[in-house]
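Each of the two complexes below includes chain A, the first together with chain B, the second together with chain C.
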Partner chain A sequence: MAQLNIPDELKEKLDKIAGDSDEFSSTDDYVTYVLKQIADKKLKSAEDEKQSEVYSKEDEAKIKERLKNLGYLD
Partner chain B sequence: MPKLISIGLDCATPQLVFDQYIDELPNIKKFVDSGVHGNLRSTTPAITVPAWMSMMTSKDPGELGVYGFRNRKPGSGYDDMWIATQAVIKQKKVWNYLNEAGFTTGMLGVPMTFPVEKLNGFMVSSFLTPGLESEYTYPHDLRDEIEKTVGEYIFDYANRSDEAPEKVLKAIYLMTEKRFNLFKHLIKTQDQDFMMMVEMGVDRIHHYMWSYIDPTHPKFQGADNKFKDCVLNYYKYVDEKIGELMAMPETKDAKWIITSDHGAKAMKGLFLLNEWLIKEGYLVLNSYPKDITKLEKCDVNWSKTKAWAWGGFYSRIFFNVEGREELGAIPLSDLEKEKDLLIKKLEEVKDDEGNPMGNKIYRPVDLYEKVTGDPPDLLGFFGDLSWRPGGTIGHNKIYMHENDTGPDDGVHDWNGIYGLYDPKNTNARHENRSIYDITPTILDMFGLDVPNGMKGSMIKR
Partner chain C sequence: MIDPHGNILVNRVLKEEDANKWREKASNLPQIKIGEEQVKDVKNIARGVYSPLKGFMNQADFESVVKNMTLADGTVWPIPFVLDIDEKTKSDLGIGEQVILADEDGNPIAVMNVRDLYQYDEKDVAQNVFKTTEEAHPGVKMLYDMDDWLVGGGIELIDNSKDPFQEYNLDPSETRTLFKEKGWKTVAGFQTRNTPHKAHEYLQRCALEITDGLFVNPVIGKKKSGDFEDQVILDSYQHLLSEFFPKNRAVMSILPLAMRYAGPREAVLHAIIRKNYGCTHFIVGRDHAGVGDYYGTFEAQEIFDTIEDLGMDILKFEHSFYCRKCGGMGTAKTCPHDKEDQVGPSGTIIRDMLSKGELVPEDIMRPEISETIIKSDNIFVE
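This part shows the complex of A and B:
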């Protein structure tokens, strides 16, 4: 397990949220959960972006024309 | 020296290869007389993308999250689509498994391998590569060797204009010649354990020339037409090229696999699905077009439209759902009921002679254990694939006997072909198998266990 440094003031806020919650047994659990959500979302959008970057606009137009000529597009 | 060589022939179809032509294909006949062969059941849908990638992963389209060349994210714009490339495939492919086990792999033209992947070996991408200026080889410098070997490499021949058959055939032969010659060169110069090529010409000749060869085709060009043997002659040419590979000293100890991703048959006609949806009140236009028009160019009244469709070799049907689509017209709570009703209506559709068309309409969950990616709401298969669903509008009818997007006389069929040939084990067997069985079989031929979670199982020798 790794340790990260955060401002004390933020740590106090996170302690309070985790303490008031029934879902998380500790601040570590809460912070891990929140950061995982953000990281997964970020990585997914990076993947989506990577996919859309495969073809430039010009390339995509060429591929669509080819697919049309092969009977795959209306 | 390669241990296993795989030759993919996109769309090679069992009724031609095994039933009609086999005695004139002496090299493919070795797979029949001295190996294991049979029909290879394709994916649902039976189209090139996703079929080859399902073959290479032993995962179905639902698990791959790829339902065709184009896909639409539910809730995105009515015209939105994204094109499936290798970048979306998260599952391991056969070359990944082999590389991990220390075997090298050389892949030439396997559909959906653009953008190319770094692997232990080489990769030359497939027909969905924008052009020769694209990064189409791994490693990069291989492109120079390709140019030196075959000149201008040809990814595909895709043309639905009214080209004369002579011109079409010449272009297809040239592409095929270059691909086989390149593969031959790569076998000679690259020391890879597993080598695979996929040739697209078989599919292209079927689509362009089916009405010249099939007396049962509604537009058969007559028993005396001068192209009546053109598909047989092309298969003979492909067989000859396979024979050249089999005669190379570098391949004398190799085992062989031939496969295709789906089969082919005559197109009975075109069922104009969006015209039918208009007639049935599902799709509402503000004004009906004067000319034949693609749906995205039509003036659609989206707030009154309940459903629309994409055509192709199968159909994808989308519902216009409130809260999901921008101008959704049916509440989410009614979606399943609406699907049931539309499935029933479409499955009851009759052909233009009043006979049941034999349509099958599915929800993605009916077809796949896992449904990932961006599935359509329904997948439609018309007349056991003999009727092609058309998406264009402006015909003032719902049946046609020509294609709406340029000359095309062939449609796909559910079964492709496969054959295994090992010169050291020449017991012959006929066994029909599934496209998902190819990767497990390849892994087994390299002495590897078949990983859990594959949809197929190995074909025993």
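This part shows the complex of A and C:
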């Protein structure tokens, strides 16, 4: 497990939130959960930004040609 | 035309020049060897069959699918699609790196952008997805055979080859174009892993009465012993569609996919896949995608009442049969006669007779279909 440094005041706030919560057994659990949510969202956005190729007119013509060659279209 | 699931038809197939660049670079990058069935999943992701998936699931999507049957963003998704790796492979990978997914012979299939590395509780996954933790269930067995770590991230397809059965292998972009060109506004999708008997045909005809076109979409891939061989399924359906359906009303294309036998959850996956192919309707009969006694007869139909509307019509059919008194096919909804007059399609009888080279009775299977099957060298998976 890695250790990160954060300001003391922030640590106090996080201790309070984690302590008041039934969901998290420790501040470490709470911080791990929050940071993981942010990291996943960020990485997913990066993946989504890599746009899927959109089918061009040229692609469409190739698709129709293949369908004709295979006998699906006359 | 119906929107793809998640409103995006994914296309992660690299252009040939880009694919060639990756082929040249492949030997300098870390590689993960993937099996035949995983190759099918990679190609399906890239070609949009599993839209909106763009790669193997990260932990957030995986856990949400297992627990809630949705991706992390709330989109309905029933089955985890994950790539398992062992401890050593995991230790060689880092988040943000690119890795080549290669087939068992080392040929590069795709490039993957590593976004997540995580572990999972196999019993929890089995119970949620398959509703059992018994190893006797073939889907659970596949799950238990997986390695301990999962790697998530988007993929881009290098190898877009379509063998075997490339002449029957259409991508969603192709089926969508096909349906459009045929002028079909509504299309009923039919999932199968069997040769057609008259009860199947009855459902197909009922569906075609209320839609413009029928899309027969046999699952091709790893099956269990005793299942029909892929070639036999294709030959028999080809015969049925060309001889007994109007030419411009029915088409067939394969779905390369390993069955998970997850019953109700798999029925939802099958519906989503057909939506991506452009189907507006999907036929779900009894015991869809089930195995043994793990699921109730109509559980695969009932699940659609418990999830968010997929935006397509699910055609739920009861057990159909030939009624000697009616002189035709029917179900309990349409036939009032006693069970003695109703001839159902017994899988055991069909298999027994075909394996002995005998024609199945005409009220169960068309003689032309029986003959086509009997001519095959290998009828069943060993």
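The working rule: the second predicted complex is superposed on the first by the 51 of 74 C-alpha atoms of A that agree within 3 Å, B and C clash if a C-alpha of one lies under 4 Å from a C-alpha of the other, contacts with A are read in each partner's own complex, and residues count from 1 in each chain.
Please note the rule applied: a contact is a pair of C-beta atoms (placed from the backbone, for glycine too) under 8 Å apart; a residue touches a chain by one contact, two chains touch by 3 or more.
Here the structure is a predicted model, which is why all the values come from computation and not from measurement.
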{"item": "Partner chain in contact with A:K57 - chain B first, chain C second, else both or neither", "value": "neither"}
{"item": "Partner chain in contact with A:Y72 - chain B first, chain C second, else both or neither", "value": "both"}
{"item": "First (chain B), second (chain C), both or neither touched by A:L43", "value": "second"}
{"item": "Set of chain A residues, in rising order, touched by both chain B and chain C", "value": "50, 52, 54-55, 59-60, 63-64, 66-67, 70, 72-73"}
{"item": "Residues of chain B defined as touching chain A within the complex", "value": "47, 68-70, 82-83, 85, 87-88, 114-115, 127-128, 130-131, 134, 156, 158-160, 207, 294-295, 310-313, 388, 390-392, 403-406, 408"}
{"item": "In the complex, chain A residues that touch chain B", "value": "50-52, 54-56, 58-60, 62-64, 66-74"}
{"item": "Complex contact set, residues of chain C against chain A", "value": "8-13, 48, 54-55, 58-60, 72, 95, 113, 115-116, 153-154, 167, 170, 173-174, 177-178, 181-182, 251"}
{"item": "Residues on chain A engaged by chain C in the complex (per definition of touch)", "value": "36-37, 40, 43-44, 46-48, 50, 52-55, 59-60, 63-64, 66-67, 70, 72-73"}
